[in-house]
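In what follows, subunit A forms one complex with subunit B and a second complex with subunit C.
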Partner chain A sequence: MKEQRIGWGQRLDKIMTPMFIAGVLFCVVAFVLSFTLAPLVLGAQVDTPALIGGQMVTNKLLLSQKIFYFHMPVAVVSMASLLFTAVYGALFLRSRKRKHDIRAKVATEIALVFVLMTMVSGELWERFEWGVWWTWEPRLTTYFILMLLVIGYFILRNAVGDPERRATYAAVFGIIAFIDVPICFLITRLVPSGVHPVVFRTDSGLAPNMLVPLLIAMLGFCCIAFALYRYRLRTELLLARTEEIKEQLELEGA
Partner chain B sequence: MDPILAEIYSTVFQAAPYVIGAYVLMWLVLAVFVVISVNGLKRTEKQLAALEEAVNELAGKQQ
Partner chain C sequence: MSGSKGVSAFKHYRILLAKDLRQEFRSKEMLSSMGIYSILVLIVFGATLAQTSAKVDIVQMSSGLIWALLIFTSLLGLNRSFAHEKEDAALEGLLLVPMDRSVIYLAKATANLLFLVVVELIVAPLFYVFFLSGSELSITLPLVVWPLLAGTAGIAGIGTLLATIAINTRGRDVLLALLFIPLAFPLLYACVSATTVAVVGGAAIDFAYVPALALAMGYDIVMLLVSWLLYDYVVSA
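Take a look at the complex of A and B:
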């Protein structure tokens, strides 16, 4: 049974690099399609319409919306990573196995990276569209709380010295942090603000030529997140083995 | 430039630095994490190799 598990890990490690490359390629394709396939969205009306490329254009064209094609996928990946934090946290609380704690920690690291990516892309869109760096809009507020919770997770881990207690506290905190994810996801439905569109719905809020680059970008970032997770996990597992050997040497030395 | 087209594209030119900035910063965050991760794995592998060598030496002495 144990050999089977090791085999799975090795197999996943083998596809780690191809997954990362595939992820980057998907993102490149999504980037190209977001500027070629997806049209510029319309802004305020202009005084005099003009014929551009055989089409009558009556509104200003908004380039800033192009940020959305990468901004939303990284936000979704950050939330999905936190789901793994919560799942591994729950598994740790049930089994008390260190491997679950390590996996929860690595998943939260990935979540933090993608949260930061979401924040920087969102901030620049907001600065251009609204002329401010920050506003307490419902989605922004709930996502800001999520970022603070993810940062708090690592502060908590560094503050507790005993590994057993650290893992327990982190697992509980990770589960609590995850509670904000569905709130953040559903907030645009509960408190519509008109800024963050409801993209995932049965009639699909986006036209197919906009949805395609978005989904490809999402697939790309999922591949990248998975590859980075496996890479960091390998490091953490090696680090755990190093600690074990050190302890053994200390015991033998004593 | 035609004044009508200038008005239509006015937000495009102004938004360009922000769009470029958003893409660059996103990939920069990711790149920094990748560099830190690669360095971390290399350092850990070195540590592990040194420790395994020490363990082997210790085992050799005991025999």
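Take a look at the complex of A and C:
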């Protein structure tokens, strides 16, 4: 049983480098496509009708909309990582196995990286598109508190000394904090503010030539996130194993 | 954990709640500190708003202010609520009792809820006297009771779980605030909007009050259920 599980992990470890490279390639392809395939999008109103690109327009065609092809996939990946935090947290509470705690922690670390990327790209977007650095819009606000919850998760971990207790508290907090994820995801549907569009819907959402780069970027970031998760997990598991061996040696020496 | 039938679980709950209330009536530790703190926050509001009174619509702002006060005051109370359980290992003693541990959660949350309600009963009239006595309020004002109650129940519910976590950590006061405020945020948002609608009145009462209140209650139910389910793990850790 144990042999089998190690084999499974080793197989995943083998594919993680190709997966990382594939993810980067997907992201590059999506980046190129977002400039070549996807059209420019009408954005904020211009003060007076002006001649842009040989056309009289009252709306500015926004190059900054290209941020969207980065911003949204990263945000989705960050939320998916938090799902892993909650699931592994629940598994830990059931089984009390340290490996689940390590997995939950690593998933949250990946989530933090992607949450920060989302916030940075979102900030750029806000500045260029809406002309402000910050606005208390529902999606923004709920995502902001999501970031605070993820940071709080690590502060909580650092504030508890006993490993068993730390793992339990972190698992519980990870599960409660996850409640904010569906709220954040659904808030544009519940409280339409007109600022954040609902991207996934059954009626005509995105045009295919915009959807393709978006989906490729999402696939790419999923690959990158998973590869990063495996890299980090391998390190953490090896560290835990080293600790175990050290303790064993000390016991035997004593 | 098992072995306690429905009747005895309720009895445990009553005994635990009575213990917390009796302790509070004797020491008046939480109520006095929370009460005085909330009055101090009112004074701070008075100073910070002193220069704006001519321009700011205080009626529109009032429910936001009162919720700011309640959030910070509740933090103070929640921090204290487990302090005496740590003394003389009282909590360890409780854990030795063969009963469902979520009963401890329910009793503690109820006690915190009751203390917060008492503080609200002190603060709300004072707030009216200090800030709103010159303004005309909507006839829908009594409707503020429901968002206040929903918000307070949620604060007590999430707060009790987080206070149990925070009590065993380094820098517990700061940590409680750090975990509690982001988690309570959606609830706070919904409650402020429902309370504002009730205080200001007008056409918004028809379409904005019920959704906001429903959001607050939905959040309460989800949070209380999850906290109740997870409490056993937290308190035994």
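What we mean here is this: the second predicted complex is superposed on the first by the 236 of 254 C-alpha atoms of A that agree within 3 Å, B and C clash if a C-alpha of one lies under 4 Å from a C-alpha of the other, contacts with A are read in each partner's own complex, and residues count from 1 in each chain.
The working rule: a residue touches a chain if its C-beta (ideal position, glycine included) is under 8 Å from a C-beta of that chain, and two chains touch if they have at least 3 such contacts.
Note that the coordinates shown come from a computational prediction; the quantities given were computed from them, not determined experimentally.
Colleague: With both complexes superposed on chain A, which partner does A:Val87 reach: first (subunit B), second (subunit C), both or neither?
Modeller: In the superposed model, A:Val87 contacts neither subunit B nor subunit C.
Colleague: One more residue to check, A:Leu116. First (subunit B), second (subunit C), both or neither?
Modeller: A:Leu116 contacts subunit B only, not subunit C.
Colleague: For A:Leu156, decide between first (touching subunit B), second (touching subunit C), both and neither.
Modeller: second
Colleague: One more residue to check, A:Cys222. First (subunit B), second (subunit C), both or neither?
Modeller: After superposition on chain A, A:Cys222 lies in contact with neither partner.
Colleague: Mind telling me which of the two, subunit B or subunit C, contacts the most residues of subunit A?
Modeller: B
Colleague: Just subunit B (first), just subunit C (second), both, or neither: which does A:Ile15 touch?
Modeller: Neither: A:Ile15 stays clear of subunit B and subunit C.
Colleague: Which partner does A:Val74 reach: the first (subunit B), the second (subunit C), both, or neither?
Modeller: first
Colleague: Where on subunit A do the contacts with subunit B and the contacts with subunit C coincide?
Modeller: none
Colleague: Would you tell me which residues of subunit B are touching subunit A in their complex?
Modeller: So the residues of subunit B in touch with subunit A come to 2, 4-5, 7-12, 14-16, 18-19, 21-23, 25-26, 29-30, 33-34, 37, 40-41, 44-45, 47-48, 51-52, 54-55, 58.
Colleague: Could you pull out which subunit A residues touch subunit C in their complex?
Modeller: So the residues of subunit A touching subunit C come out as 93, 141-142, 145, 148-149, 152, 155-156, 159-161, 164-165, 168-169, 171-173, 175-177, 179-180, 183, 190.
Colleague: Quick check on the complex: what are the subunit C residues that touch subunit A?
Modeller: Per the touch definition, subunit C meets subunit A at residues 158, 161, 165, 168-172, 175, 178-179, 181-183, 185-186, 189, 215, 222-223, 226-227, 230, 233-234, 237.
Colleague: Name, in rising order, each residue of subunit A that touches subunit B in their complex.
Modeller: Per the touch definition, subunit A meets subunit B at residues 31, 40, 43, 46-50, 52, 57, 59-64, 66-67, 70-71, 74, 113, 116-117, 120-121, 124-125, 127-128, 224, 228, 231-232, 234-235, 238-239, 241-242, 245-246, 248-249, 252.
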